[in-house]
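Input: structures, listed below.
Next come two complexes built around chain A: one with chain B, the other with chain C.
The block that comes next holds the complex of A and B.
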């Protein structure tokens, strides 16, 4: 079957079987390697992507389910102004992530900041609970999220005044 | 591997017609349990699949004074985003304890209830709340209690050929409500189960109490719950022990392996209520 959807802002089509998972389509057909197929049970968080703005494990979505939807991978997210806010927050807090969880963790934080301008500590921990990697400590993750929220708040405030 | 035929019905009527034409149709909602069961690079799915995403009737929320109706196609995260105090607090807390936020962005309430192999996390709290479900089939719609999803032996008994379209939750006042998960917290295994208790306590007297268990089997014992009603809290230790023993015996008849864990949780619940 041919599946047409929006991938990182572009209209795309791909030939897929009913047995293909989104994560494999992204990696093998589009060469987008940030999402990684590991547990294939939706628990590890290494394959997280945004579908219609919602954070989801791409190993738990068959390709046919994304017909007509909008998918954003880490490769697309890094092109956004929202990622810039997050990057600054991550740098300021000294958050260092490993290559396995980085994409999922940053997308989880980006998704959180989209829904909550000033998240609480509990909300940050809840958001990153979708990622199982324990390479970084929770306090630094919280600090990064709050610093990113500050950057985002200042940027949107400035834009509002212009 | 079979190449499946995918359908995207727009209405419940279209879906029911598809089901009549294809008795082995796989109804695909969030798909979290379906894909988790089938690991590996390629997913082996049945020949005909119907995706529920396009059926708007399955995604509605209606609240009246006495109850709230949730469309079976609502995702857990969508239900959690419903305005505060629209839903019973114990139900909301149970949803928050299910899997991870990313999984809750996919998993639907209907899929959680309609799983055929075992009982999932929402059954126990919905059984306590006396929730009912709208089922539709060729004969039309009908409302049945969620307890009917378990047969007399406590095993899953989702009606063949029926489609779950709505869940109706009564909005009564409960002073206490707790759901406890046992076993693997991330994903259901043979050992994992969910225990829920809700109670209404008035001046240290039990006005009403309900307790339910959902794992490989599901059960609730209203007759035994009735024995606690009217008792003062904290319960006298001998009374508490007798009550726990009665629950353990009743559970052992249905599921001897789970009965000891169930009894421990009943005891913990009664102790908690007495604090």
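The block that comes next holds the complex of A and C.
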């Protein structure tokens, strides 16, 4: 079947079988490699993407279910102004990942900042708990999220003043 | 023909992940695995292979049928006997991954019962014995004694990316890509299995990520499989295990059982230690001897034992092969020693920190090998800083009082605090001969760019920036002009395995040595200047079956950990409320990065202590345990305070990555034991299990 959806702001179509999962379509048909197909049971968080603004494990989503939906991957997220806030926060805190979980971790933090302007420590830990990896240190992740929230707050405040 | 110009650099994104590399015309490879163990293989019968699909068995191997350079024989594909359930017996390769998986599933493995002669189970792979003084007489006269057995469970490495390899032909050479800690061994293995010259193989490692020393030799086997499939199909071939396959069939930590009998004399000083160590290495135990030496030395710790006996044995079983897991077996032993020392302190009602520091080896004391320690052990300073930061003395005394006054389980909070100390040795003698050589090449180019090529080079941008900073500092070059080349076998000189933080301890020193040599030649010799520096691992402690010399402390790093816990009154599940880690690792190249690495390792160590474990059923990892194995969640991690002892001093940097695995579990176990009021002696530490066995409060 042909599935039409919005991928990182563009209308796209892809031929998919009933067994194809979103992560495979993204990686194999569109060459978007940030989401990793790791556990394939929806728990490791390395394949997280935003579908209609909600964070979902793309290894658990049948490709046909995204018909008409909006999908944002890490490759699309890095083009946004919100990512810029997060990037600054990550740099300031010195957050470094192994590279495999980075997409899931940053999308989880981006999604958190979308819903909470000033997240608490617990909220940050809750958000990043959806990503299973041995590489990240929770304190640095919290520092990155809080610094990103500061940048976002300053930016939206300035925009409000203008 | 070697292609030095095409070497990848460790740039802003690091090396690529294996799963991200796209190659046109790729064939996928799946394993046909043994359904039983301890049998003789008759043959593998594949279903009719569609066009473009191939079944590869051991009979198709033209070169060597075993991995080279290891102290045990590991077949590339099982040929005669099957040692463990899940052992690869054949490969299926073809263009569609789903068809390949189905064909592998449908292949039949025919076998016959071999009787007792193939029972690998219980074979002694290595043994080490040590006797100092008269342990039997000392045990007889000990006034206070502890006698117990500590058990650790099997742990999964849970790498950043599952194990895999990619192989393709590039004109007259075969190129292999794999995430490996030992690229030279991948090269040797592929050349040996294909029966070709080393120059005909090129190894381009991919990003390693977090591996916890689980990618030492296994990637060489998968690389050999990919190379065999590429040759059979005349197409690029990739084998990439699914996470579940990786979980069930790749190396795990060795199962350790440690029986300790320790006694104190009338002056409450250490009198004797009698230790029996059993490491279950699974079906194959490469590095068994090295792990046994590491475990044997760890069980003695840095304590003054006038009488000691260590009887250490590494045994094979029909389980999956055992891996090094963060410290080559030391972690599974340090928790027993640390926990036992806490119990001795409790028996004489002495503060554990005070007991554990006053019983340390002094400068003039002799190690169990008969050699003096010479340089002072820095643990007293570490213990004092960790105790001060955590308010250990006050908390330990008050939790002890609360525990003694408690009349029922619901009578007030059940809290505990524990302290443990350990070292991370680098000077052990590897089990392979000759000792592995580590090399690094640095070239100052005509345009004043410095290129560094080394197999131990970091594959991620963060750690590689530490190398760049160090090189630019020595040579006075801008950081941007320093390039770290990927560990490509065409440019990096052959090296030993990158285990035990050797990218810091060995490769870091080679980098400094090479840059210093370039600095001396810089204004004297014409550019480009190429310097190759090499070193072998120092033999700090030599412990063979018939002799023991030296001691493991020469290049050791040290740490002390305090862990505080509170038990849930109803579930009796322990929740850590704070971790304090104090580390002496020589000069710390990047304190911020080292702090983050230690915190992440402490989190993993806590995971291993609290719940991560794999169970074996009839020699195989239970199918369902993959679904229940969950890494420690950041939500359950308390604040981890990291402190370094004099990180700026002029001393060689040392490996520190495994220290949390060596001391956090013992500190946690001691804390839980104090809170529960009963000794715990197994990992993961579970108070409900102790209660169920009738040993609880």
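Methods note: the second predicted complex is superposed on the first by the 162 of 162 C-alpha atoms of A that agree within 3 Å, B and C clash if a C-alpha of one lies under 4 Å from a C-alpha of the other, contacts with A are read in each partner's own complex, and residues count from 1 in each chain.
Convention: a residue touches a chain if its C-beta (ideal position, glycine included) is under 8 Å from a C-beta of that chain, and two chains touch if they have at least 3 such contacts.
Note that the structure is a prediction, hence the values are computed from the model and not measured.
Of the two partner chains placed around the shared chain by superposition, chain C is the only one that A:138 touches, whereas chain B remains out of contact. Looking at the shared chain after the overlay, A:126 reaches both chain B and chain C. Of the two partner chains placed by the overlay, only chain B lies in contact with A:60; chain C stays clear of it. Contact with chain B, but none with chain C, is seen for A:21 once the two complexes are overlaid on the shared chain. In the overlay built on the shared chain, the residue A:40 is in contact with chain B and with chain C. Of the two partner chains, neither chain B nor chain C is touched by A:81.
Residue contacts after overlaying the shared chain place A:96 against chain C, while chain B stays out of touching range. Residue contacts after overlaying the shared chain place A:48 against chain B, while chain C stays out of touching range.
When the two complexes are superposed on chain A, the residues of chain A that touch both chain B and chain C are 37, 40-41, 43, 126, 129.
Residues 1-4, 6, 8, 28, 31-32, 35-36, 39-45, 49, 51, 53, 77, 99-103, 105-106, 186-187 of chain B touch chain A in their complex. Across the interface of their complex, chain B is touched by residues 1, 17-21, 24, 37, 40-43, 45, 48, 54-57, 59-62, 64-65, 67, 108, 126-127, 129-130 of chain A. Within the complex, the chain C residues that touch chain A are 13-14, 17, 19-20, 22, 158, 160-162, 207, 209-210, 212, 242-243, 460-462, 592-593, 596-597, 599-600, 603-604, 627, 630-631, 633-635, 637, 639-640.
Within the complex formed with chain C, the chain A residues making contact are 31, 33, 36-41, 43-44, 94, 96, 98-101, 122, 125-126, 128-129, 132-141.
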